[in-house]
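Same chain, two partners: chain A is paired with chain B first, then with chain C.
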Partner chain A sequence: MNLNPMEQFAVKPIFGMDKPLLQIAGHPIYFTNQAVLMVIVAVVSSLFLTLAVKPNRLVPTRGQSMAEMSYEFVAGMIHSATGEDGLKFFPFVFTLFIFVLCCNFFGMVPGSFTVTSQIAVTFALAALVIGLVIVTGFMKHGIGFLKLFVPHAPWYLLILLIPIEVISFLTRPISLSVRLFANMLAGHTMLAVFGGFVVALGSAGGILSVLSVAPMLLIVAIMLLELLVAFLQAYVFAILTCIYLNEALHLHDHH
Partner chain B sequence: MVRPPSTRREGRFCAVFWDFWETDLTAPDPDRLNDLGKRLDELKTRQGARTQGPPPGQSSIAFRFATELVAALVVGGGLGWGIDWLFGHFGFHTRPAFIIVFFVLGAAAGIRNVMRAAHEINAEIEAKRASGDGNGKETGS
Partner chain C sequence: MDLKSAQMIGAGLACIALVGAGIGIGNVFGSYLSGALRNPGAAATQTTNLLLGFALCEATGLFGLVIALLILFAF
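On to the complex of A and B.
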């Protein structure tokens, strides 16, 4: 019996694939449980979204309705955060949102693996976002993008304020990735801890076995809360992407 | 928004899968469709911006502020450490100086981040309240 609540986050090669898939610069690359889940998420979400709109009904089916609602949700989000010209980033933000959302939801399936509880994954996603922000900013404004780091202030304060703004900008990928990672990690650890209570109480015997119903009920409540968190964190990730893209597109316009 | 009904039934990926997703609808009656469209538009204008996403909860706001603050400290300290390392590489021994300076700058950046995050959250709540006031009576919420 394994009651270690952190065991669920272990990245390991999947069963029957103990040999590295390939070697890159001497580092063995394994096909891990994390990779399996990411492949499943990518395949299932893209298959679902493409097939769901295939019937193209006037009165949508359940699947088509879900696909259209997620489309409108993300489009509305981008429009409200960045305005009209932000909509050309729709494919990127939509893919990001659906990927994070599906990773969070697939992680909720008992026995599966939560990809977004790995800081490596969330930081890679956040680095992608910030990379896109920097590239967009320099493509749109050229060297003028650096004005993002220059607030309106007298010159003698700028000596102090520019480093602060630069550090503040560099903070973004970290806070973006840590927020998603920590939320998923905390929630799933909590679930595993209460699951451990159920097992421990249930095997204690006598009146204690009956008491094991209490943490069981609590798990149901936490599970519901986690479903909310799973959606909320995907939403926060996407809306912050939009806010950062907005700053790259419009610099200080909105202040 | 509203698309003409599809008549294409070939090229299905998996018929069984689609039988599950499609409720069996016969050719739609135009009058009923118009009526449905009208009712949907009505609902949409009434609901307004309510579909724009969930309101931020207390704990998610608190968590956001905490990560912004701590991340700025980490980045500031890390930058200072890196600069010291770089100078040390060229033979200048500045070791604690830049770590101290950038740690303080990082703290300032953290507070700047929190202020900015508070601004964003305020704007979000304000926007929601504005859209809520306009049609609060009709939705009864």
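On to the complex of A and C.
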């Protein structure tokens, strides 16, 4: 039996929608399984976060508590990383955090599709973040934003440091997107590989079939680890966004 | 050596990146624990930095995975 652990990441048109929706410059645009998952994530998360706090109870239910805690969590994160004037970016960072978090968690459902395991999606998000950082920096400081690349150092060190700062700034969208993408890809590939062990051992017959319980139990443990990683990566994505925004807002001085 | 077997060897070699990631993650958590046991009062304030350091470290190992995937599927 030949199980391909990479098969789960294939983007394909959903069942019954084999014809392209529209053509843009000769490229067919399909409604894919990835698009379906993104629509589900967007609808479910926005419905939950609005409906849970709609009644505005004084004593919150579990749902309302979850929604309120997520608001406070993100607000505290932005406040600690960027200070008071970073809070005007709350809607952006909160949307980003919830979207990545829900994509990661919906991807953990067996048989579904992990949107964040596609480099196209994560790079689009990272490019959005860096674009916002650049626009914010130039709007706040004008041309003085370029001082971001000039650290406090003697001039002979600056010859070395300025290229390093520029390169480190330019690699940020790559590292930000690849971190999320590779984490999700690695975790789901590992789950699929261990799933393949279960199938191969189970179909071997005899004592080997009994042994297939071992990788099965391991999958449960890895699943728990992956749930932690799913949250952690969303958190890291959001906090790095905050840190980059902080640099754009305050350059090198601490808030 | 044909291209296929060279690809396999290269992808395996790319996994050496995990050595650095393992040392790094161990270092992050080890330093956090030793600091937290000396000064438990300050431990809670540093969890953000802990998770950030962990994620930045782990990412370097995963870049190795990306290189392995590039070797396997991009050529």
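Keep this in mind: the second predicted complex is superposed on the first by the 251 of 255 C-alpha atoms of A that agree within 3 Å, B and C clash if a C-alpha of one lies under 4 Å from a C-alpha of the other, contacts with A are read in each partner's own complex, and residues count from 1 in each chain.
One rule holds in what follows: a contact is a pair of C-beta atoms (placed from the backbone, for glycine too) under 8 Å apart; a residue touches a chain by one contact, two chains touch by 3 or more.
The shown structure was predicted, so the numbers you read here are calculated from the model rather than taken from an experiment.
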First, second, both or neither for A:L51, with chain B first and chain C second: first
Touched partner set for A:L170, first chain B, second chain C, both or neither: first
Which of chain B and chain C A:L185 touches, first, second, both or neither: second
Which superposed partner A:S80 touches (first chain B, second chain C, both, neither): both
Touching partner for A:K147 - first (chain B), second (chain C), both, neither: neither
Partner chain(s) touched by A:L232 [first = chain B, second = chain C, both, neither]: both
Overlap of the chain B and chain C footprints on chain A, listed as residue numbers: 77, 80, 175, 178-179, 182-183, 232, 235-236, 239
Interface residues, chain B side, partner chain A - complex: 2-6, 8, 12-13, 17-18, 21-23, 25, 28, 33, 36, 49, 51-54, 57, 60, 63-64, 67-68, 70-72, 74-76, 79, 102, 105-106, 108-110, 112-113, 116, 120, 127
Chain B contact footprint on chain A (complex, rising order): 47, 51-52, 54-59, 61-64, 72-73, 76-77, 80, 160, 163-165, 167-168, 170-171, 174-175, 178-179, 182-183, 231-232, 235-236, 239, 243
Contact footprint of chain C on chain A as seen in their complex: 77, 80-81, 175, 178-179, 182-183, 185-186, 232-233, 235-236, 239-240
Chain C - residues contacting chain A, complex: 48, 51-52, 54-55, 58-59, 62-63, 65-66, 69
